[in-house]
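We call the chains A, B, C, D and E, going by the order they appear; numbering starts again at 1 in every chain.
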Amino acid sequence: DEKKTFVFGDTTFNAENEEADVNPQNTYAGWACIRYGIGETLFKYSDDMEIEPWIAKEFENVDELTWKITLNDGVVFSNGRVCDGEAVKESLESLVANHERAAGDLCIDSIEADGNTVTIKTTEPKPALINYLCDPYGCIIDAEAGITDNGIVIGTGPYVATDLVADDHLDLVKNENYWNGNVNIDEITVRTISDGDTLAFALQAGEVNAAYGMAYASYPLFENDDFTFTSTPTSRAFYAWMNFESPVTSDPAVREAIAMGIDKESFVSVLLNGYGYPAEGAFPDTFSFGGQNLTTESYNPEGAKQVLEEAGWVDSDGDGIREKDGQDLVIRWLTYPSRQELPLLAESAQATLKEIGMDVQVNCTSDNNTIRKDPTLWDVYASAMVTAPTGDPQYFFTSCALDSSVSNNGHYHSDKLEELAAQIEKEFDTEKRSELGIQMQQTVLDDHAYVFCSHLKMSMIMQSNVTGLVAHPCDYYELTADLDIN
Amino acid sequence: MENEKNKVTVRVQKIKKNYIKQKLIFFLILAAALIFAAVFSDKLCPYDPYAQDLSSAMQAPSVLHPCGTDTYGRDMLSRVISGARASIFSTFILVAVISVFGTAVGVFCGYYGGILDSLMMRVSDICLAFPGLVFAMAIAAVLGGGIQNAVIALAAISWPKYSRIARGQTLALKNAPYIHAAILAGDTSGQIIWRHVLPNMLGPVLVTAMLDIGTMMMELAGLSFLGLGAQIPMAEWGSMMSTGRSMLQTYPWVVLSPGIAIFISVVIFNLLGDTVRDYLDPKNNRSARR
Amino acid sequence: MSIILEAEHLTKIFTRRGSEPLKAVDDVSFQLESGETLGIVGESGSGKSTLAKMLTRLTDISSGTLRVEEKDITSLKRRELREIYGTIQMVFQDPMSSFDPRKTLGYGICESLRNRGMKKTEVDERVKQTLEQCGLSSEFADRYPHEVSGGQCQRAAIARALIVEPKILICDEATSALDVTIQKQIMELLQELKEKRGLSFIFICHNLALVQEFCDRVLVLYDGKNVEEGTTDKVILHPQNEYTKKLIESAS
Amino acid sequence: MQETILRYDSVEISFNGKPVVTDISFSLKNGEILGLVGESGSGKSTLMKAAMGLLGTTGMVTRGDIFYREQNILDISEKEKRKIRGAQIGMIFQDAGASLCPIRTIGEQIYESMRAHKKVTRAEAKEHALDLFEKMNFKDGKRVWDSYPFELSGGMNQRAGIAIAMLMNPPILLADEPTSALDVSVQKQVLSEMKHLRELFGTAIMIVTHDIGVVRAMADKVLVLKDGRKVEYGRAEDVLNHPQDAYTQRLLSAVPVLRRSDHL
Amino acid sequence: MNHYILKRMLQLIPILFAITFLSYGMMRIAGSDVVTQKMENTGTVVSEDVMDAAREQLGLDKPFLTQYFVWLGKLLRGDMGNSYVSGKPVFITFISKLPATLLLTIVSIVLTLIISIPLGVLAAVKQNTIIDYLIRFCSFIGNSLPNFFVSLILMYFLAIKMRWFPVIAKDVSLQSVAMPAITLAIAMSAKYLRQVRATVLDELNKDYVAGAKARGVKFSVTLWKSIMKASLVTIITLLMLSVGSLLGGTAIVESIFMWDGVGKMAVDAISMRDYPIIQAYVMWMAIIYVVVNLITDVSYRFLDPRIRLGREEA
């Protein structure tokens, strides 16, 4: 019978996003490998962000440094090669050799393969090793078959890449040898469409069957029977960093006032068209260490005014802007345009903070990374970041909030946080790690070091005849064997 | 024959009156009105163009909000009026700077010639051959985004047009008998340029400048699209259109209001330019003034 | 009588890209005595205007020497020439285009006086005086070139040249753009000036009849060269050169 | 008695409603040469353009009629006017060179003009033209045919323009200062060729000139204009030798005359 | 002629030198580099050491002048380097994308001609009539719509409502190029239409038009044979001058219509600070600009006999 073809439009699949191809060993291209069903990792996340088996059946933490992983039987690569322990070993070894970030995360000392089991030894205790292996770079590929010039790899997923032009398109066909069920769609084209409006038109015209990454303002076009939405909260958070070296934001009252002066609810419901979640902490409620466990300020302009008043910030010259010691309460708000939510956040924060007497001056530039290294140039830095790419709370803090963090450009320091960080470093028990994660979030919230505004609601829109395309909280899994067109 | 002479045929000539002066005044008034609106935009706005009210976001045009409201619940009419300042002023300043600078360079090169002339013409070649977009983006990257920097970027690549016009005109005027007469009257070169060359080439430059106002508005809008235009939350027509473009189908007034504003001002300045050209055209003048 | 202007071996070469250099004026020498009128005739393109521009240094001299009142002005700078322009002045071929279309006639006429730092009231008085001398009422000072007739415009041009009270006046086909009645008026004006002020003229013209009536001596240019020179009667009535003969033959 | 071929009847011409020529009547017979003189701006060119329908959008004959062989040529359709222009009434412009398109060869334009009125091949047209060129004393007719206007001198262009007008052999030729751009020697040739034309084909010629000498040499009749009005109209000898009007007298006395001998 | 072309080509060298140096310099003072840029886009954090290592590998740690001359030296040996982002050879990347942009440019120029010449001539011939006003009004509309907006409108009507063209270009074909080309052509036609009108009006006022009329030549013949030919020189000048800005200005349209050309490539490269690609783009654009200008000058010689046969004016 007729071939089933499927076209997927994506605004983010491009070299700029470090997804020039589908080779998991090339920076972030693993995201494309796993999203488009070419590669699979040893374990995956469930909808509750719990570890689940995938290529691997189970793991055993033999000791602090040794992990034994047992693979499922009958897993084969799309080229027919059996994916056994040896193949996994080859894949991981080549990963560690080629991918610096992976090498740093995994700290692998040695790998041994024996039939369907793989034993990994790490150089230091790595409580989150299995989580790291779920990162898209962990896609198991046939290292023997190698990588083509344009970055195509052989994986175990339901689809096989046949053609790839960076920033333009990726062609996939059904993996006839798929080990884990029946694949419904015969051919898939993933089109990179960098302009959200073009994508919206293409979806309207029926040129793409499903789309990811449109402007929120286009969503109402599809809120009808012809289209279906699939949405889920993710750990991508939009949040503001405070600069502790700035004379203004080093004042705790100012930070508290900012936290109270941002209207997260309205931001999400109006500006994001409801496609987002107001954030409490760094992680969404789907995580066991999510925001439901935290206490933080809600939108309270009157309260914010009072806090400022008490700290001596008063508007004495009647221009609507408060001042203290002759200095105006000016907030230099640094952000960047490549995430459409950030300018929206900046503009709305600007208005709500104005009401409590702050003059927010927005600098929205793609050059933000250079600027934020110089703490004299900004007061608040609003950015978007995947806070728990591995489903674990530690990553966020080690990368941003500690003395040793590379990105701690606001020079935030908390003795308490340092102590908790030291604990989580050594903690292997998942529940205890969660607990520590909650304490750490509460610590930074109490210091008002960050204001977490919202979490991304990852949404895909499809023609109503598409089934099996479901948004996943970790953002990794998009095109699966379940995908079908009726 | 004799009889026929008595019956003289009389034909009535339909006189097409040349309303150039009236037209010129009319468009000058319209342009003045636009500039007035730009200068006094604060006073003319029915609402604060920056006051957000998320609860009344995306309202369709109504009596309260004749142009509707935007995503932030800001009154579009007020934003369009207040956008006149940024849009019209920035294009005005831009066009003024490039036309004055470009003309100065062109006159200088054309009048004195020599090495300096060849050198400046090479420089303008380079500016013309340099992809404008790269230039604009590089400037934006060096100086940061924002309307001023977009204006700087556009200025840097647009001046050669004027210097070419001015140079050509100067070369043509340089040998006019009245320039020779001025030399005999003992004018210095500076006096000749100031008294005779500049006034006589003003026409083409002025007309190009008028037409450029529309072009530059478009260019600024294009830069806004690339994220190099006005900064948040400044109301500027180009960036309003660019940020509102996703709402074309859902909330069309958000993108159409600034669009219409651009259209109206482009039309006014274009027509003004055309009329100025007609007015300066000696063919029209002779009959009009005699 | 003294020699007021002396040209020795004047040559003008135009070089053009991609073609042979052109000798527009080729080794022309002559002298002009004060109070004398020298006619220059020749067919179109023979270098008459170029010679006139060389004499006023509006174009550079390729080689030769030019002296005005015994002063060598061959290679003076533009700035140094300003003084000479008090002695030597010129009336251009086409009166309309010799006035800036955007300035009044008065502006053009008084420009030289203003440049010499004369006071405004004094300037106005002089402009009025000179205009009247040239047969125009003072209200013409406020008119623009396109608002006056060709004859009026040419008179204003003469007024402009005379206002600095020069000793030499070069007229480059000053009447050929005008019709005969106006031409006659202007000739009468020039004649009057010659008699009253003792002005020296260089009178470029292709109308031999006018030359005959007005000039003391004639110089015939052909292809940039001075082919014949002598008193008017001698040249016109008894031409020696072949070309001169042909010219006179066809003129009658 | 020769046939009257062109007749102006109480003509008034206005630009933008302002009359610049008023109440002019005269007629032109077969083979007759009419000299039109008067100060500049008196309406000489305008009179000619009126017959050709070249007054532009602002000008119009507001009173009177112009007859070509009893046909009123003011009130006919543009298509019929086109048939008359060139073929019946030819015109030579003051600056004939400028009336040629600068970027097409003389030959192309001659051929184009002839084609507008009759079926001729390029070769026939060329043959015809070269023939006339020769008569007009062009040294190298073939070269002229293949030349662009800018490749010819002003005098050559003028002659080419005259040649094009005469090629169609129109019964009437309107010549607006045809020789004032020319050297005196070339001037002579052109005028004699025009005279020759009249002798050969009986062409009627209306010629505008400032040069009274030309009028004296060529014209049968003279019309003197001033400020758009007729000052004097009559046989050439009468007008030139016994001018009645003060203006004509002034005009004639202003003409400088070259003395060829020592006696006055 | 050959001599002339050779001379023009030699003039290109200093221009290229200046332009590449300028762009190198500007990109350098623009701060940030490909390494930081990459990091930011992925929203993750990498240690300073790793970034420095990456910089060293790309030679970004060397002084600016050294970098430029290394690049220049390689270029002279025919090596344009590899993209910092994709790692692929710049030359191949560029050449593979150039045809798409050239097609887009050419089609939009042809469209511009098809629209602007007849309308411009019509408006001139019917000066100050309702037709003239109508045409000019349309040109104002075309002049006041930013091209990103025109693309949206076209997509909405031609692709969604009419279904004539696909929203996204699937291949480099005429059907796919239609909408981006129309977008570019609309703005250009609006401009050129007015230029054509002005030029034709100028020509109409010349004496030779009256001359032809006096000879009984049909107006349409004069219009097409003389007036158009004379106007063509001006029109070609305008068009050729705009090829430069067009080649650079396709970026927005290219990225909206997913037209995989060099404009889009350049925008991406600039935001990523991918110096080798930017350099190649700047250099090629300059070459194309100069070559196009040369072609223009040469084509004058064919169109205008005054230039072909006559001497240049002094």
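Quick note on the criterion: a contact is a pair of C-beta atoms (placed from the backbone, for glycine too) under 8 Å apart; a residue touches a chain by one contact, two chains touch by 3 or more.
Just so we're clear, the structure is a prediction, and the values are computed from it rather than from any experiment.
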| item | value |
| --- | --- |
| Partner chains shared by chain A and chain E (touch criterion as defined above) | B |
| Any chain in contact with chain B as well as chain D | C, E |
| Pair of chains joined by more contacts [C-beta pairs], D-E or B-E | B-E |
| Where chain C and chain D are represented by their mean Cα positions, the distance between them in whole Å | 33 |
| Gap in Å, rounded to a whole number, between the CA centres of chain C and chain A | 88 |
| Chain C and chain E: spacing of chain centres that average the CA atoms, whole Å | 53 |
| Chain A, residues touching no fewer than two other chains | 197, 366-367 |
| Where chain B touches two or more other chains, by residue | 16, 141, 245, 248-249 |
| Chain A-facing residues of chain E, complex | 30-32, 36-48, 50, 85-86, 152, 155-156, 159-160, 163, 166-168, 255-258, 260, 264, 268, 271-272 |
| Complex interface listing, chain D residues touching chain B | 9-10, 14-17, 25, 57-58, 60-65, 74 |
| Sites on chain A touched by chain B in the complex | 196-197, 200, 214-218, 220-221, 263, 266-267, 270-271, 337, 343-344, 346-348, 350-352, 354, 362-367 |
| Contact set on chain B toward chain A in their complex | 50-52, 54-55, 57, 71-73, 141, 144-145, 227, 231-233, 243, 245-251 |
| Residues of chain C that touch chain B when the two form their complex | 53, 56, 58, 78-79, 82, 85-86, 89-90, 92-94, 97-103, 108, 111-112, 115-116, 146-147, 157, 160-161, 164 |
